[in-house]
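Each chain gets a letter, A, B, C and D, in the order it is written, and its residues are counted from 1.
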Amino acid sequence: MAYDVRNRLTDLRREFHRYPEPGWREFRTTGRIVEELERIGVDEIAIGRDCLATDARMAVPDAAAIEPWLERAREAGVREDVLEQTADGHTGVVAVLERGEGPSVGLRVDMDATAISESDEPGHRPADESFRSEHDGYMHACGHDAHVAMALGTLEAVAASEFSGTFTVFFQPAEEISGGGKAMAEGGYLDDVDYLLAVHLGLDHPTGSVVAGVEKPLAMAHITVTFEGASAHAGKAPNEGANAMQAVATAIQNAYAIPRHDEGMTRVNFGCIEGGTASNVIAEEITIEGEVRGETTALMEYTRTELERVCYAAAEMHDCDVTPRMISESPSVDSDPALRDLVGEVARRSTGVHEVIETADLGASEDATYLMERVQESGGLASYVLVGTDHPTNHQTPTFDIDEESLDIGVSVLTDAVLECARRRP
Amino acid sequence: MAYDVRNRLTDLRREFHRYPEPGWREFRTTGRIVEELERIGVDEIAIGRDCLATDARMAVPDAAAIEPWLERAREAGVREDVLEQTADGHTGVVAVLERGEGPSVGLRVDMDATAISESDEPGHRPADESFRSEHDGYMHACGHDAHVAMALGTLEAVAASEFSGTFTVFFQPAEEISGGGKAMAEGGYLDDVDYLLAVHLGLDHPTGSVVAGVEKPLAMAHITVTFEGASAHAGKAPNEGANAMQAVATAIQNAYAIPRHDEGMTRVNFGCIEGGTASNVIAEEITIEGEVRGETTALMEYTRTELERVCYAAAEMHDCDVTPRMISESPSVDSDPALRDLVGEVARRSTGVHEVIETADLGASEDATYLMERVQESGGLASYVLVGTDHPTNHQTPTFDIDEESLDIGVSVLTDAVLECARRRP
Amino acid sequence: MAYDVRNRLTDLRREFHRYPEPGWREFRTTGRIVEELERIGVDEIAIGRDCLATDARMAVPDAAAIEPWLERAREAGVREDVLEQTADGHTGVVAVLERGEGPSVGLRVDMDATAISESDEPGHRPADESFRSEHDGYMHACGHDAHVAMALGTLEAVAASEFSGTFTVFFQPAEEISGGGKAMAEGGYLDDVDYLLAVHLGLDHPTGSVVAGVEKPLAMAHITVTFEGASAHAGKAPNEGANAMQAVATAIQNAYAIPRHDEGMTRVNFGCIEGGTASNVIAEEITIEGEVRGETTALMEYTRTELERVCYAAAEMHDCDVTPRMISESPSVDSDPALRDLVGEVARRSTGVHEVIETADLGASEDATYLMERVQESGGLASYVLVGTDHPTNHQTPTFDIDEESLDIGVSVLTDAVLECARRRP
Amino acid sequence: MAYDVRNRLTDLRREFHRYPEPGWREFRTTGRIVEELERIGVDEIAIGRDCLATDARMAVPDAAAIEPWLERAREAGVREDVLEQTADGHTGVVAVLERGEGPSVGLRVDMDATAISESDEPGHRPADESFRSEHDGYMHACGHDAHVAMALGTLEAVAASEFSGTFTVFFQPAEEISGGGKAMAEGGYLDDVDYLLAVHLGLDHPTGSVVAGVEKPLAMAHITVTFEGASAHAGKAPNEGANAMQAVATAIQNAYAIPRHDEGMTRVNFGCIEGGTASNVIAEEITIEGEVRGETTALMEYTRTELERVCYAAAEMHDCDVTPRMISESPSVDSDPALRDLVGEVARRSTGVHEVIETADLGASEDATYLMERVQESGGLASYVLVGTDHPTNHQTPTFDIDEESLDIGVSVLTDAVLECARRRP
């Protein structure tokens, strides 16, 4: 590796790790990225509103849920101009390096954390080495802290190289809730990208392993459904109500029974439910949160259409109204074999890489697919790269951690891939 | 009792008992009644088509189910003119006695049997005394054989009395399937009736007991629902089907869960189901038979409306078509207190009556209510009278039988009541 | 009326109206009643723990829900000895008047309020005349404020009369949640009562009307059911979970479909539901609150047994555990005709009473039935008396109010009934 | 091709086509095969009972369903010794050719027909050329007539060749109902087989195409479930019944909702239902037929276990008994790559073969897998070979037919494969 950023990478990752912020509330994270970008020196920095299509944002929390995080960031010293650009759910930033003639290459990383309380048990390194989350109830349990660090490292390396062309780094907010991908895909900075790389650490691949381009991320839609009936006294006149409890039970039973599909895997789930007022009152309003997935976007849409049909009929059956609301979604997009091959070749030559796997099923959902899809539709190539890391426990658990050795490896593979892209004409 | 018809009544009842015929197929029964009416001598006999509103008939079987019974009756020697008048589901007969000035009094009895195989065990009197059913699989298990005998006996007694006015006897077909009541109510002969008596034996009341007028017969509707989807190979492409099996299961679950009503008792049931072709095929068509009841006609209609809503929504949920068909129905009609009082008074004076109960809930359905309703709507009075009889086992069981002592008592009470009605001006 | 307490009654009722307290938290109410009892002068006052069977209490809230109400009462100046006696959900008080030889007569009233925000619209008299609830979110919307005032008025009147015998007044807590009746029934003060009167205002009967003894209060049980399964990632491996959402949906559907019963009316309802963690997680735990009722205690118990069977089977079906917990219950107990007749006679002679109805169906549940049942089991007589009052809107609505004229009438009828009981030997 | 059997093959196939017999009733078919085997001259013929493990047979029809087919075969002149050996559901035959030293090679074909009425429309060649089914309501709609012809042709070719070793041909009954595979696998003749070939025509592969060895036949189980409750009068006392209708509806709804599995595709279906007696009777007994499938045997068994849990819990919920009966099943077994390669090589050299596909998913179920599994467990190799044929319409349709050109090709490929196996030592 031409450029040693190991210590700096580790420090950065640990700093982001200490201050995890959930989707559309990454104010401090955005602020710190901007500082780093200014330190590195890039040609353009587009913050929040400037790099997002406001109307394409999904799963934006309400003001009351955003405000405390903005305040906390302000207290932590985040600059007012950044806060202004990112307010009301407009976090995220795009950095552009203009280096003369050549292809336009992009790198996309995510930056949000999840609502998990980080372990404080001995043996959990962030606790032992004092970089455990300082935001109670939130944690970087999926490695996005490291993704941001690797993106900054790669940007610095590319800036210091002979790279010729345009290099754009997308720090995308709200990946965990599938909220930010579409808005950033339509934010204007992706339009001329010829090669797009997205990256994720781990996912059961050990340090030293690289997957050149994943396939079959699951298309996903997150849906909230509210059933509204009419209350009545359950003892006195149950017939006078319109029972949202019966409607929702009918919907649940039939949702899970949506027919399996001959073209591939589908999933459906209702995970949360809440409603009603008292045991002796016919329930007037119940809300249920669920999701559908599919091996392809079409399969996800088949399942969503059926789910909506089920909900409408269940409501009709019990004389209720129903409002299914789409909270967020993401398509299924495969990596391009040509770009995947390029990454594979580069990875085989990189220090620290012991194993290169051509492709693997992602088996999860990812809204980087919105960016990939847009690039592919414009004639560009995209690949979703996995950089292995030893992780002691599963993603999304309180003791998740990464092997920081993998930060270097990631920067090395990504930098070499960016440079190699620039050498090829699209 | 003014008129001793005991032996004749018993003989008649036993003859009808030997040749039970199901609803709309009482060809032989009609033929024998006509013969008796001619023997007694009445002023008008209206057979089948002449006493029924054809379009108001319900639950008429198809031609293939009717034909064998017509043939059997023909072979038994029933006259061709009777067969012609009753063909195609037009059984039943009305007899009119014109005796000068006076009120118009009616008596309604039913005449059909049920699809139960009569016991041939020793101890079952019809078997022991050789008047067991000769029509395999069918039996008079609800006493309609005795009802016909009592009506003929009453007619003969009234004819021989000082009665002044008009006396009309309605031998109504197809009561068990709620098929004939409406057609006879609208057949023309009920229009000027001032007092209508309907009669039933037994129903857990012993010999010597009389209920002067019952209340709360359950309003009832018998419904058949067919769900039609689309078949598909269940292993290969279940998503290509529209699953009638899922639709019907959803309908069943939600039908039984129709809200109980604050105004009184309701019932709902699906009793029979059949459909589908093979275990590996998504079921295309399933038919289910059910019924709804209510303490009042409005409560039955509430339940029917909800049941239909459930079926339509269940079909919609699984992309199926659905056809609910009303097979037959009957309203809930109470006895008039004034006529009930008259019957009570008369019964208290009748030989053989030890106990007169003013009123009791019927707790079952009865399509005599159509005739009662029509009389009441025209300003007349109606009462549904129970004449007790010791019955060894429940109605609708293979060992049902009556105490033939009650035949006399019934004729006596009914005759006295008819004469008493005639004495009063409406 | 021998004793004019009109102004005092109105003042008392309005004071209680201003400070509504929910079940097991009637600290201030208890304190004020004790003050009044001391003013009137009675022979024994048993407060809280001293008049309740601790283990028989039901629906007691947890400490966190009780504490703020205790504090608020303390700040309002309630005496420490009263607070001590009533702490931890032991509100309520019993007063005993010993007046020589004679029968033991009891009067039971309830004292808790409901979680309804009282209207502040013009036209709502408590708002117009400044005695609207000062406890936000709570309100005397069922007249228990007036019940307490009437009981105190009756006690004062009896104390001032020629009454000979023992007169015990039961101020029972937690009626709205069926929590206090059983504990007070078993608290020791009911054991020798010969005649027990319970009283309620209104229930659609106007001022001047009295129902001498109600029938058919609905037996009721309030049940909370928790389903516990195992979470799993709904996209990745739904088969690894045990889905509490599917279990609860199956339970709901089948609970409403519990068969209607031939012996009378039953009710079943699930009114509240909450559980699950996220749309993409198989729900691990869901809790649902419901109730069953019956026209008789046996019918309620039939429905409860069936409901539990449904819940256990639904859990088993989805490999979940289930814990149905009985929160509270109350039996169905009819008024004794003999005592009802006594009340009727007395009421007919009372000033202000224009109409005396012998009996009426309650059509609701009431845990006074525990006290009535205990008296009846010991050979005594009990009657549940309705005193009519014009109420502008339904009970349990934000604009509920009473006609204060009815307070006098109630005291008059109850006092006369107590005196009449004393005149008769049991 | 070394051996021209074209005309004979066509004649044989057409003869079998004219006399289709369903599973366990292939009496005439067995008889004709035995005649052909005697004509060809083999070393051992094991008929019916002698080549089947009686207890391992599945889906055997009852005597009444077998008898008419036995009679029809007797009338057609089938020998009594064959009828005796095959009576009571023991059809099928195994032929052994002993040709000195060498490996033991097996070939398995199926021989039963399906319950489809063959088209008599012009354009359907069997109708046009007078070899349409003479057994009304039954038809060779899946090519088993041709499979038998090809097996006989291959046997004759091998017998006439230089083959050294043992060649055993398995004419397996009852494939369509998954009934015969297990019994023949355990019948004794498979124990020493080193190489087993199974063959099927068509399945959307055209004439001239060969698939050397299929993968992923779906494991399958066919299950019948009977729910038994207790009847009661639905109007009078629904609570006295145990409602099989509600139990079965609950089972259906929850069966389709069995969780999808992370390890692969599963299927579940209930395809037929029947039960209950009358609309006004709580249904006492309902039977439902269904099936489960899985991409692997373990996935099928997961689904079956869950299905049984659902049925038991649904019965328990409604106080019913339940009896799930396994009618038949078959595992999922892949072809061995080594034998698949051998077949592929041989097929590439065969006349008439234009395309050799290495492997393809079967996408259906097949009980040849029992025989393949047994060979593999004993250390042998097995491959399921598809021989393409142009078929005008889908398998299992009234106008299914094959291109008889493919009979030669099949015999050629199979014969060459058998000879090639013999050349290799296992």
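What we mean here is this: contacts are C-beta pairs under 8 Å (C-beta built on N, C-alpha and C of every residue); 3 or more make two chains touch, one makes a residue touch a chain.
All values reported here derive from a predicted model rather than from experimental measurement.
Peer 1: If you check the contacts of chain A and chain B, which chains show up for both?
Peer 2: Output, common partners of chain A and chain B: C, D.
Peer 1: What is the chain whose Cα centre is as far as it gets from that of chain B?
Peer 2: Ranked by distance of C-alpha centres from chain B, the top chain is A.
Peer 1: Where the centres are mean C-alpha positions, what is the separation of chain A from chain C, in Å?
Peer 2: Taking the mean C-alpha position of each chain, the two centres sit 53 Å apart.
Peer 1: Per the centroid of Cα atoms for each chain, what is the distance between chain C and chain D, given in Å?
Peer 2: 70
Peer 1: Mind checking the centre-to-centre distance between chain B and chain C? Centres are C-alpha means, answer in whole Å.
Peer 2: 49
Peer 1: Which residues does chain C have that touch at least 2 chains other than itself?
Peer 2: Expected reply: 236, 238, 243, 246, 250, 253-254, 256-257, 259-260, 267.
Peer 1: What residues of chain B sit close enough to touch chain A in their complex?
Peer 2: 236-241, 243, 246, 250, 253-254, 257, 259-262, 302, 309-310, 312-314, 316-319
Peer 1: Can you name the residues of chain D that touch chain B in the complex?
Peer 2: 218, 220, 222-224, 234-236, 238, 243, 245-246, 248-250, 252-253, 256, 267, 269-283, 286, 289-291, 293, 327, 363-365
Peer 1: Going by the contact rule set out above, which residues of chain D touch chain A in the complex?
Peer 2: 253-254, 256-257, 259-260, 265-267
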